[in-house]
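Labels for the chains are A, B, C and D, by order of writing; each one numbers its residues from 1.
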Amino acid sequence: MPSLLMEILLVASLLLLGALTLFNRHLVRACTWFVLFALTVSFSWWWMGFPWLASIELLLGAVLTGAFLFHALGVGPTAKRPSGLLAGWHDHPPPRGRALMRLLPALAMLAMLGLALEDLAEGRASVALWSCGMGLLGLGLWAFALHRHLIRRLLGFNVIGTGIFLILVSLADETERAAAHGLIITGLVVAMLGTALGALLIRRLEALEAQHGRQHAAGGHAI
Amino acid sequence: MIERLGLVSNALPAQAEELAALGGVLGLPLLLGLLGGLARPARGWPVAVVGVLPLLALGWLFLQVAGEGRVWTVPLGPLSLYWRVNGLALLMLLLTQAILLASALYAPTYLRVDVQAPARRQAWFWPLLGLLATSLSLIWLAADLLLLYFGLELMGLVAVGLMLLPGKADALVAGLRYLLLALIGSLAFLLGIALLLGAWGRLDLAGLTEAAEPGPLLWVAVALLSAGLLLKAAAFPLHAWLAPVHAAAWTPISALHAGLVIKASFFIALQLWLVLTPRSAPAAWLVGGLAAAAVVWGGVMAWRAAKLKDMLAWSTVSQLGYLLLGFPLLVGTDSTVAAVAWEGTWLQLAAHGIAKAAMFLAAGNLVLATGKSHLRELAGASRRFPLALLSFGIAAISLVGLPPSMGFTAKWLLLNAALMAGQWIWLAVLAAGTLLSAAYVFRVFRYSFVEDAPSLDFRPVPWSMDAVALVLALASLLLGLVAEWPLSLLRAAGGES
Amino acid sequence: MSQAWLPVIALAASLLVVPVIFALPERAWRARAVVNLGAALFKLLMVIVMVFGLYQGRDYSFRFTVVEGASFLLQVDAMGLMFAGLSALLWLATTAYAIGYLEDSPNRKRFFGFFGLCIASTVGIALAGNLFTFLLFYEMLTLSTYPLVVHRGHPAALRAGTIYLRYTLTGGLVLLLGVVAMHVLVGDVSFGQREMLADLGPDAHPMLIVLFVVLLMGLGVKAALVPLHGWLPRAMVAPAPVSALLHAVAVVKAGAFGIVRLVYDVYGIGLSHELGLLSLLTGIAVVTILYGSVRALSQQELKPRLAFSTVSQVSYIILGISLFGPFGTIAGLSHLLHQGLMKVTLFYCAGNYAEELGIHRIDELDGAGRRMPMTSLAFTVAALGMIGMPPVAGFITKWYLGMGALQSGMPWVIVVLVASSLLNAAYFLPIVHRLWFRPGPAHGRGRWPEERNLGRFETSTWLLLPTAATAMFSLATGLLAGVAFSPLDLAIFMANGEYRP
Amino acid sequence: MREILLALVPIWPLLLLLRSSLWFAVQQSDPQRLGPRPPLLDAWWVSAPLPAILLALWPGESELAVESWMLGGLWQLDEARRPWLLFAALLWGVAGWYARGYLAEERHGTAHDDGEFRRLLRFALLWPLTLAGNLLLIVAEDIPSFYLGFVTMTLSAYGLVVHTGEREARHGGFAYLVMALLGEAMILAGLLWAAGSGEALTLTELRASVTEAEQGLWMATLLWLGFGVKAGVAGLHVWLPLAHPVAPTPASAVLSGVMVKAGLLGWLSTLPLGSAEAGLAPLGEVIIVAGLAGAFAAALLGVAQRQPKAVLAYSSVSQLGMIASLVGAGLSAPALWPALAPAVTLFAAHHGMTKGALFLGVGISEHPPRLPAWLTGALLTLPALSLSGAFASGLMAKEFMKKALHDSDHATLATWLSVAAVGTTVLMTRALWRQWQERGEPAIAWRSPMALAWLVGVMLAAGVPLWLPLGKHVPWPPLADLPGLLWPAALGLGLAGLVLVAASLRHGEPRVLSRLQAGDLWWSYAALARWVLAGLAALSASLEAWNAGVRSAFGKRERRMIAALDDLTHFESHFRRLAIPLMVSVGGLLLLGFWLGSLVGVGPG
């Protein structure tokens, strides 16, 4: 019973944190929410009995990825105000119609997954886990399609990744756990590296554009 | 079909010697890359001397399999990894090594001559190059999804890293887009793997062949895998990231990327289809439709492109369409058709790899020599840079698919297969592709033959750069006549079913 | 050394010249001339050796597999040798001519390199032993002629080059599709294995007809059959030796030769006749002959007029082979050579006029016979040959065409022949008249457009000798048509082979 | 020896030609040099027909087969060819000799005037070439050689016709060439058709082939018309009166004397005369009618001419019409032919030599030799009388012909021919009258080549039946027949006298006559030809325009298409923006494909 309660709590908090990460208007805050989100994920791994995963998630997901995100924003321990150009740049929230349109891919993806999992999920333990994963996946995809802001897209990517990891774990048996963990670890490393590369790139881009005096141009690049 | 892929079900644990050969093929490039990063060669010849080593390792590996395909398992903790060595893998490895070696030979002089290549970034070039070689080799050799995923991710990140090396704003923006899309693509790939793992509990391809049963789950999994891979392979509607990336990248990297990197994704996708859904012809036809669209759209865009490198990048999109035709011709067709299409597809892959690499190198020489990147500014090039233009032209012959080039032989096989399968529509696609590619390629020559051009400043490039491009181009031309040789390699180690 | 290598050596002789020429520096024109002429002579020698070998019944063939079901095959038969001989002979002449023509002009290295490649492709086409190999060299020819067409690099040349490519590449593509279909249908057909298609039986006949039409469309572009001839008059902007080669030996002839191969060696004349394809060819040829002649009438410049004349004349070859019976075959095959000799002469002359006097338009030719008698004489001989006047080679063709027309039961073709002769006369004789009988600058009226005194004689010796030589040859092939190894003799030899197997 | 002579018949003139042209080449090699010119029209040059004369006089038949010559050369001199070869060669010789004198002024002018030299050089080169062609066609037995000779003669004679280069000359040459080409075309068609249907290579086989062929009548018609252009068949004769007056006199002489006979020889060589199975009788009738019509019409038109050479040309048409009617008789009544053939040959030779002498006489009347006027006049009148059939060879030929026709159902033809002779007489009178009016002052020595050649020509012409190796004896007409033979001449003279008197009374010539230009139908032909040519040109131009139109339309469409494509490239940014949705939809699409696949159950094997 407590495990079920805990499960529901975790799922709810993960979804909530994910949504906050993705849709918070304030970028620095969104990044902060992301760190919290990663911590929660790490906790979930630990709680499910995967301490290795939990520690790696803690290190790569929460600490390093968070650090790189803040680096991209230009927020550091010394400078409280974000100095990155991107931090000051906001997506204009799209009109509602378009926002709903952008939801379509996410829904399609979820539908596909639902179709696939229909006959598979029965008898497997953690329905909550994969539904949480699917929720995160949907949210992430929507955000990714909706936003054009680079950092937000990086965030979206990380959230989607987490969703997929959750689904993966939910589907894997005891016997397949090793393979699943291999995949997840690889994925985590890739996500971290990707974020790191993205963050470094953003900084470099800013430096270049500051050099050339093309303010705001970076945001103008459709990415 | 499984036999062609070398995926025999009786996997044997790898012996020490075999393991060493495998390690040599995978590890040597990485080692040499690190070495290169430390030494930063300024001339081509040390690279040439050292670059032979991976080839030797490859030869050793070839001796290990001694004429038939093998699948080895290598235990890694609780996991056991599956490796497949057969004719196809060897052919791909050879292609990889050849193009890599050419790029590596070209690079020192290029980096020295191109003033815009900062020294600090040059240091990154060599290790990344080694890493790319390793990841590619991994993909060719991997026989389970975990290894494939690992290789794919590694290759994707390294490719982005290489693309970003010039450090110019355009390159960065394009590279960022590439990075994000590649990451999303690999997520889709991962999701597909997750489904497969969940359903059948195993990731080795040979095992999956036996275990997988058609049904919504398999379909969704393969659809997700394919979508992710097609995004990485720059297949038609998902190709948008490709051209800007190439326009800004360093020449040898463009050559590698167009020649090998996107092919790896295609390779995995085709392999998965053949393993998991070898009978779903209608879906393969849909891919064929994408292929047709790719051929036409890529061709049109290349034709209208104003810059030389853009043109080449778009031509990659178009040529990838030819490769995607392998899907309808290989999936769900009978074995005689498949036999021809099989050879045609891989030959096309090799042909495009070599020819495109040669074209990029030659184009790089032209751009470097004129200092201009627009087609129009090539006026009079035929008089001033005959060698670069000649290399470009010879490679273009293969690209267009005119005899006696490799591209022609591949197209010949594909046409044969299409006719044998009664799929006439692909004839039209190949024909349109040929005409479009001729149209865009000959634009270059048209401009280069202009005689009354103003005499611009230009600096001749060192001969070694021209030589590398020329050798690659000649290879793409002459291997068409002796195509039986690569094809026999393809058949040799277990390709024949 | 095995006999199989002889065709390979012949091919390599012209192919290996190319890298040598590209390696030589631009200024080394003497070395280049030596290499060029040496290779041309060597190739001529090889062809002669092979001709003798063939008459002694030796079998030269060289084969290796390219991909499964398609092999690279060089083989020597009478038809191929005839074409190889033509190309070898005219290569020699044209090389000499080109050396003179391009004296002191830029990009000679490039020119001669691609020139050699062009001829190598022609030899390849001649010696190709199956459709696949033929296609290989056919496309190579397209590519190697493009730089020659655009050689001058001015907008008109570039435009012409683009149009040339549009036509020929499309044609090559169509041919490729046809050849692939042929391979799928019956596999690798060596030239001469006619029974393979005949054995397919009547069910395959509709398919075979469609295939024939496809292949014909592919080949017809190069053979300049109406309505696929549009590139030819445009390609006139090329330098004179190129035009000469394009019209007389390489491109146009390659197309015509391909059609000859298609009819005789792939389908076999019997099957072609049975399928009614010969009538189709006759129709196309007749239309082309008349259309080309009519269009030539209204051309005011020399080279376009010659170009349309080529359109018309090449179809004589097609007409010849489309007439069922040995005489038609003889006419078609011998015209392959005759037209080459005569047309090359005409183009040399046009080049001489342009180089020496700057003449491009026909009305500038008044009285040129007095200034350049040798050239004008050569022109007259070749023009009379084109009209079909004896004793120039063209008469032999016309004679056998007439014979063939009756043999195949189509006497109306004679009307076409006569009409074409009259039209030919109508556009050639005025030129001849202007040359000899109209007073012009040589008589003190007006000035030549751009006179340059190129040599001791009427013009440079390099230009004059090939012109005179080919004119002599076209006269001799007609006058001494009965001599052994003359084109007519070869054609009769082949026709006997076709009809009395 | 005979074979060598036979080979030399066409080759000797060509060697002479080569000699002159080599001289010229030496000249050309140094254009700056204006030293002494090589002598043109020298004695060697005149010797061109010598081998032919020798051969014709050499007894015995000869044959020369050269396998490698074109399609297999076969040259022959048999008894049928001998008279033709002899009279042709003789006339060529006489005319050549005459030309040396006639062109003496030009010859002297060459030293100073380069243009003059070139013009004469052209004459000197083309003369032997024409000669070679003419002689070749006589000795040729294989069709290609025959046709080669015919074409060579026809084409190179153009150069002789336009020798002076004046406007009339160019026009005459044009008429000549156009009609000749028309003739060549018909000959070629007929030859190809006939030879093709019987796979014939020699003229004998050709005649057999025409006999046997189903459409023999049409082949024969083509050949008749084709050679008829040369032989002046009514309607196709128009070039004769145009070309003759403008050509230099020696050229006119050979043109009218020998070359038009080539057409006649063409008929004899290609039409199956005397063969009963040929079934060409209808054609024969047509030929007779056309011949007679030509004979009369030409006489009428000729009288109206002012130029003596034009009158003589019309007379040639008239005479050739007569000969043609004899040939027609041979076709319509094959049995008659063996008797008729020698008559035709004799008539042809007689006309050739006489007409040659008459033409040479025109030059003589312009530049009379220093001889007594009565002698010159008599010598000028002699061939005229002969041609009218009132004297010498004419009388004998007429008698011979009448005899041949006598006891057949074509006896009426003889009467018609006699009536035509009236016209000839009138024409002769007219010609002599015009010559008298335009006579020049005696200027040249009687020993000069011109005068001597003329004298020889007149003598030879007068005695044709005596020396012509006809193989048959030509008897003198018995006195009893004379009135029957002479009345046309008498009547003609009377008529001419009347006309003369009338003319002298009216002081001048009737205007009707002056309106009849030389060349009669040519002018309407020219109009027709212009119309046809204009039509062709218009067709060609409209094709050109259509082509250009299509091209520009294509060009426009191409530009529009390229613009559209350029627009389309902007669409690319959508792909960039929508990458993720596109990826998902590709996935969905594939899923759909798999689902469809399971529905259809596709999957062979």
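Quick note on the criterion: a residue touches a chain if its C-beta (ideal position, glycine included) is under 8 Å from a C-beta of that chain, and two chains touch if they have at least 3 such contacts.
Since we're looking at a predicted model, the values are computed, not measured.
**Q** Compare the CA centroid of chain D with every other chain's and tell me the farthest one.
**A** Between chain D and the rest, the longest centre separation is with A.
**Q** Taking each chain's centre as the mean of its CA atoms, how far is chain A from chain B in angstrom?
**A** Averaging C-alpha atoms per chain gives centres 31 Å apart.
**Q** Could you grab the centroid distance between chain C and chain D? Build each centroid from C-alpha atoms only and quote it in angstrom.
**A** 35
**Q** From the C-alpha centre of chain B to that of chain D, how far is it in Å?
**A** 77
**Q** Centroid of chain B to centroid of chain C, CA atoms only: how many Å?
**A** 43
**Q** If I count partner chains per residue in chain A, which residues reach a count of at least 2?
**A** Where chain A meets two or more other chains at a single residue, that happens at 112, 115, 144.
**Q** Could you say which residues in chain C touch two or more other chains, in rising order?
**A** Expected reply: no residues.
**Q** Going by the touch rule set out above, which residues of chain D reach two or more other chains?
**A** 576, 580, 584-585, 587-588, 591
**Q** Per the touch rule above, enumerate the chain pairs that touch, sorted by label.
**A** The list of touching pairs comes to A-B, A-D, B-C, B-D, C-D.
**Q** Give the list of chain C residues in touch with chain B in this complex.
**A** 22, 64-70, 72, 106-107, 109-110, 135-137, 139-140, 142-143, 146-147, 150-154, 157-158, 161-162, 165, 169-170, 172-173, 176-177, 180-181, 183-184
**Q** Quick one: in the complex, what on chain A touches chain B?
**A** Touching chain B: residues 112-113, 115-120, 124, 137, 144, 150, 153-154, 157, 160-161, 164, 167-168, 170-173, 175-176, 178-180, 182-183, 186-187, 190-191, 193-194, 197-198, 201-202, 204-205, 208-209, 212, 218, 221, 223 of chain A.
**Q** Could you please specify the touching residues of chain D with respect to chain B in the complex?
**A** It comes out as residues 562, 565-566, 568-569, 572, 575-576, 579-580, 582-598, 600, 602-605.
**Q** Provide the residue numbers of chain B that touch chain D in the complex, in ascending order.
**A** Checking each residue of chain B against chain D gives 177, 181, 184-185, 188, 214, 216, 218-220, 222-224, 226-228, 230-231, 237-241, 277, 279-287, 290, 300-301, 303-304, 332-335.
**Q** Show me the residue ranges of chain D that touch chain C in the complex, using the header's touch definition.
**A** Listed in rising order, the residues of chain D that touch chain C are 24, 28-29, 66-73, 115, 118, 122, 144, 147-148, 151-152, 155, 159, 162, 165, 170, 173, 177, 181-182, 185-186, 188-189, 191-193, 195-197, 199, 215, 533, 536-537, 539-541, 543-544.
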